[in-house]
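Letters A, B, C and D name the chains as they come in the text, with residue numbers starting at 1 for each one.
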Amino acid sequence: MTRKVKNIGVLTSGGDAPGMNAAIRSVVRSCTYYNLQCFGIHKGYEGLIEGDIRELNARSVRNIINKGGTFLKSARSQEFRTPEGRKKAYDNLVKYGIDGLVVIGGDGSFTGALKLSEEYGFPVVGIPGTIDNDINGTDYTIGYDTALNTVVDAIDKIRDTASSHNRLFLIEVMGRDAGDIALNAGIGAGAEEILIPEEDMGVDRLIESLKRSKKSGKTSSIIVVAEGDKSGKNIFELGEYVEEHLKGYEVRVSVLGHIQRGGAPSCYDRVLASKLGVGAVEALLAGKTEVMIGVVHKNITEVPLRTALEKKKYKHDKLIKVADITSI
Amino acid sequence: MTRKVKNIGVLTSGGDAPGMNAAIRSVVRSCTYYNLQCFGIHKGYEGLIEGDIRELNARSVRNIINKGGTFLKSARSQEFRTPEGRKKAYDNLVKYGIDGLVVIGGDGSFTGALKLSEEYGFPVVGIPGTIDNDINGTDYTIGYDTALNTVVDAIDKIRDTASSHNRLFLIEVMGRDAGDIALNAGIGAGAEEILIPEEDMGVDRLIESLKRSKKSGKTSSIIVVAEGDKSGKNIFELGEYVEEHLKGYEVRVSVLGHIQRGGAPSCYDRVLASKLGVGAVEALLAGKTEVMIGVVHKNITEVPLRTALEKKKYKHDKLIKVADITSI
Amino acid sequence: MTRKVKNIGVLTSGGDAPGMNAAIRSVVRSCTYYNLQCFGIHKGYEGLIEGDIRELNARSVRNIINKGGTFLKSARSQEFRTPEGRKKAYDNLVKYGIDGLVVIGGDGSFTGALKLSEEYGFPVVGIPGTIDNDINGTDYTIGYDTALNTVVDAIDKIRDTASSHNRLFLIEVMGRDAGDIALNAGIGAGAEEILIPEEDMGVDRLIESLKRSKKSGKTSSIIVVAEGDKSGKNIFELGEYVEEHLKGYEVRVSVLGHIQRGGAPSCYDRVLASKLGVGAVEALLAGKTEVMIGVVHKNITEVPLRTALEKKKYKHDKLIKVADITSI
Amino acid sequence: MTRKVKNIGVLTSGGDAPGMNAAIRSVVRSCTYYNLQCFGIHKGYEGLIEGDIRELNARSVRNIINKGGTFLKSARSQEFRTPEGRKKAYDNLVKYGIDGLVVIGGDGSFTGALKLSEEYGFPVVGIPGTIDNDINGTDYTIGYDTALNTVVDAIDKIRDTASSHNRLFLIEVMGRDAGDIALNAGIGAGAEEILIPEEDMGVDRLIESLKRSKKSGKTSSIIVVAEGDKSGKNIFELGEYVEEHLKGYEVRVSVLGHIQRGGAPSCYDRVLASKLGVGAVEALLAGKTEVMIGVVHKNITEVPLRTALEKKKYKHDKLIKVADITSI
């Protein structure tokens, strides 16, 4: 028999991503729509342990759909990794009468949610919110599309300078394990080369390719490098190596860094977040637990949280070919 | 037996859309990659008739991936609708040795391409480029994602003013037959109401809904109206009607107009255009004709042009529900 | 002898402008700095009459410097134009112990402030906040620089479309009495023609000029038209007239409208607002009244409110010449 | 007696800046207006030595007013520092019949121009184009206003993340010798602390100030650091120092880097560049040489190049006070 949910808690956890506010707003207003109470938990699991919890209504979330970051704040909690921490968290959920929890974040956040469910049978639903698009079982995560636009916009600016000076730029973008941002933003920004974690190009082939590119008439070059690239060098070492082995270019390095996490969310991320928020509340209402609400081919889907935590398999082959062709 | 293509022509036709340049660039560079000659045809079918045709190489399309509009220019051609016009067009294709044509545009452009194929057996491939996302057989058209971001950005600005003055704004967005822009941008911008061509809400229900919305504590309102909405009133008449029947708001009308067609393409549109350009050249190489290269669930697909010209079926139900819930 | 101010009220009035929030923030934090109490008055003079007044501290204005609009809201008040209305307003100032008032707005707002001073000897200081830059005695008003960027960004988008189609666009921008926005944004956007309220070009000279422009090889044209232009036609009539008298162009009309008032303020407007806010509080502290804090050649200056209300004299000659030359 | 100028050359030199294209366009079109020939010299003094020179007409500079960088390209030339290099450069000027040179750039560029004038009596006029605003005798340099907006936009994004996580960010912005960018963008972005080259705050006072700031209720902090700050530490060392001495914040470092040089120029920079281009051509026509065309209180002025090369005196006191007050 389905336990009827009445009071839903919502938190954001892990790195923030543009569109998290739109997701919170959607969870809150879905609660209003279905006559549920909604509680906002501040600072992720840390705030759950501390009892930093406030009731939210439809008006509490006005004017936030277009704001980056998360107004509920986010944090990484060491204490929640201990049974004692989780006990306190659970006690607070009970204290506020919360009987269903929506967790917006990435895999660390989902692991925490699973623990709550396993140890206390507490109903939990996840929403994928991370710019890295590295969650299994969903085509897109909230914030990824915005991050791509931010990266492309930054590289457009750098290209102004690169082509004014016949320079070669190495630009580091986010992506420790996943090359999605590097690959897509690299194609979108017209990068000459793209280094991703999933493939080891080898620095020598990189140099060869850049030489060909120069010979073909290119007077400036952009190389997009994912944080977790396999060159075996950090981006500054890589820059020096390229400068040494490739004559005729001034080499410059730029690390885009934290600007990639912020900014007004794109329309896509706002709509995605709105859909997933509705889906999460409806899943809890339907008695579901231990699921992530994702999107597959435009459709909202429910995926077991354990599946979401599996390593995502990337099929970058076709995109790599598009990158090769269009950077010719 | 497959006729081996050697010289490919490319043109843009109909209304321009952000990302068309990225698509042209991809077609040109795919030709270089596959050792084909590429010819740019200016001003769409009009330029084809006039013989306004120039060879393009990989360097001709540098620094255009981030530019709105189309550097090949676009036009609507009356003459191409006549057999005489198409005869001239065909003669020019022959004169330049072009043996495959890529047409970037919407349904009018595809209709023209089909005629060329039917009358002269000329190989044609279409790429969907229009901000309206109203082409059957592809999840997305080039320019649509950028237009959504442009609309949402404009409404964000208008909301600053709306909420500073307790005003109600009616904002007209593109979409004569399709509510995709209105619905998605409306959700993304947090609109209180969205009027689309596919559904007749009735002005009285609109007024009722706005009254409820005001009672719930909202102090300003945004109503997004697609050009082809079914209210039976133009947007200025609708504004007057609302002002008359809803006390306590100042009503303002804003027609977003042509800004929706321009601007630097989003990363999504640049990548989509890059993929479709490669797909179009590969299709011609494989001896395909009368197909559109589209995208279905991230995969590049070939759709018969006749299918692409069928009326797209919209399934907006779920999105309308998301709009209803999140605007509560 | 100088009356020592202890409690300062701040309100925004008239049309909103980007940077008003930055000005409020600066007033509030200047009060903290000088150990004064600060009261935010909502909805301009209307809220002053209604007593919609709340204490603000340095933390109340966090995260607003980058937001368009005004979080204190703005309104036009009929009642404040009556002696009875102003009596209520004054009574509320006394009730809250407010002994100095900062009014952020345009000439209507300053007129109201002067009345309060004249009738009740109440100390008032004005800060020029309006996108129109039509206030005498200050080089810039808050919001003007942002509006210019918004307009130029919109016209950049429209030009994408114009040059893709060989079209002529008439674009209406704000400015009933002042051509500052039209002239500067017109030059900045590379407009072919600019119609301003201060000069009657005559529609026939416009047509002649456009013909010359076309003959010189231009294939598209942008005409920027201030709301208060002297053509004697509204922009739609003007569009029809041009289409009739100028062959070879499709003519389109775009009214930019309310997007010009919104958006994140530019750096210039944020810094200007920050300076003026400090200046306003320091002026009240120094016992000044009936002055506007403005900026003249980068220096913060005090101007009698009566001078600020005089008609600004425009010297557009040099800029008009620059427009003529650079649009050649 | 004034030598009548007939053929004007224009080049960009040194670091590129947004608005340089608008300045070139204005020089070219001013030449058309005054019936002069105009020659574009590529890659600065290097191209002058190599004879990389092409005639430009009014149509050559279409659609560039809104583009960042410089389409004439820029470079630093070692050879031009030698008498032999300058001899070659002069010979090329003579060869093309150029009898007046407009140099767009910073102090290095002006030094080169002066040499040409001193050694060969060649008429030269400078236009200040650099994002650093470090040229004496002009209120603003081309590109500075755009750079401020780019920096503020980037910090807005970082603040989303900072306030979502209670973090402290150190953000490095351009400015080796001048604190203009750091100070203005710091105020505009609402930074808690700003470190500039002109003032040695001392790291201990920084820590004290941050502690006070935290005590006052701030939960995140932004510190803007100019490249040439006087802390005696690079920004990563500074970050470590702060993390060690200030408990309760996670510290992050972000180096904005080259994005600050690119992007579509702001309206202000476009108009400024347009005015200065006209001024430069008119100065050469009037027989002026060894002058820079600058702007002082909105008026176009001529300043001896030697004065422009003097060290600019900064009067940051008032702005520092505004920063102190508004970050309270």
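Please note the rule applied: a contact is a pair of C-beta atoms (placed from the backbone, for glycine too) under 8 Å apart; a residue touches a chain by one contact, two chains touch by 3 or more.
In this text, all values refer to a predicted model and were calculated from it rather than measured experimentally.
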Chain whose Cα centroid lies at the greatest distance from that of chain A: C
Rounded Å distance between chain B and chain C, as computed from the means of their C-alpha atoms: 35
Inter-centroid spacing, chain D versus chain C (mean Cα positions, whole Å): 28
Chain A and chain C, separation of their C-alpha mean positions in angstrom: 39
Residue numbers of chain D (touch at least two other chains): 156, 159, 163
Touch-based graph of the chains, sorted into line, ring, star, complete or other: ring
Complex contacts: residues of chain D adjacent to chain C: 25-26, 29-30, 32-33, 58-59, 62-63, 65-66, 139, 145, 148-149, 151-153, 156, 159, 163, 184-185, 187-190, 216-218, 264, 266-268, 270-271, 274-275, 277-278, 296-298, 300, 318-319, 321-322, 324-328
Touch list for chain C against partner chain B, complex: 12, 16, 18, 20, 43, 67-70, 73-75, 150, 154, 156-161, 163-166, 169, 252, 254-255, 257-259, 261-263
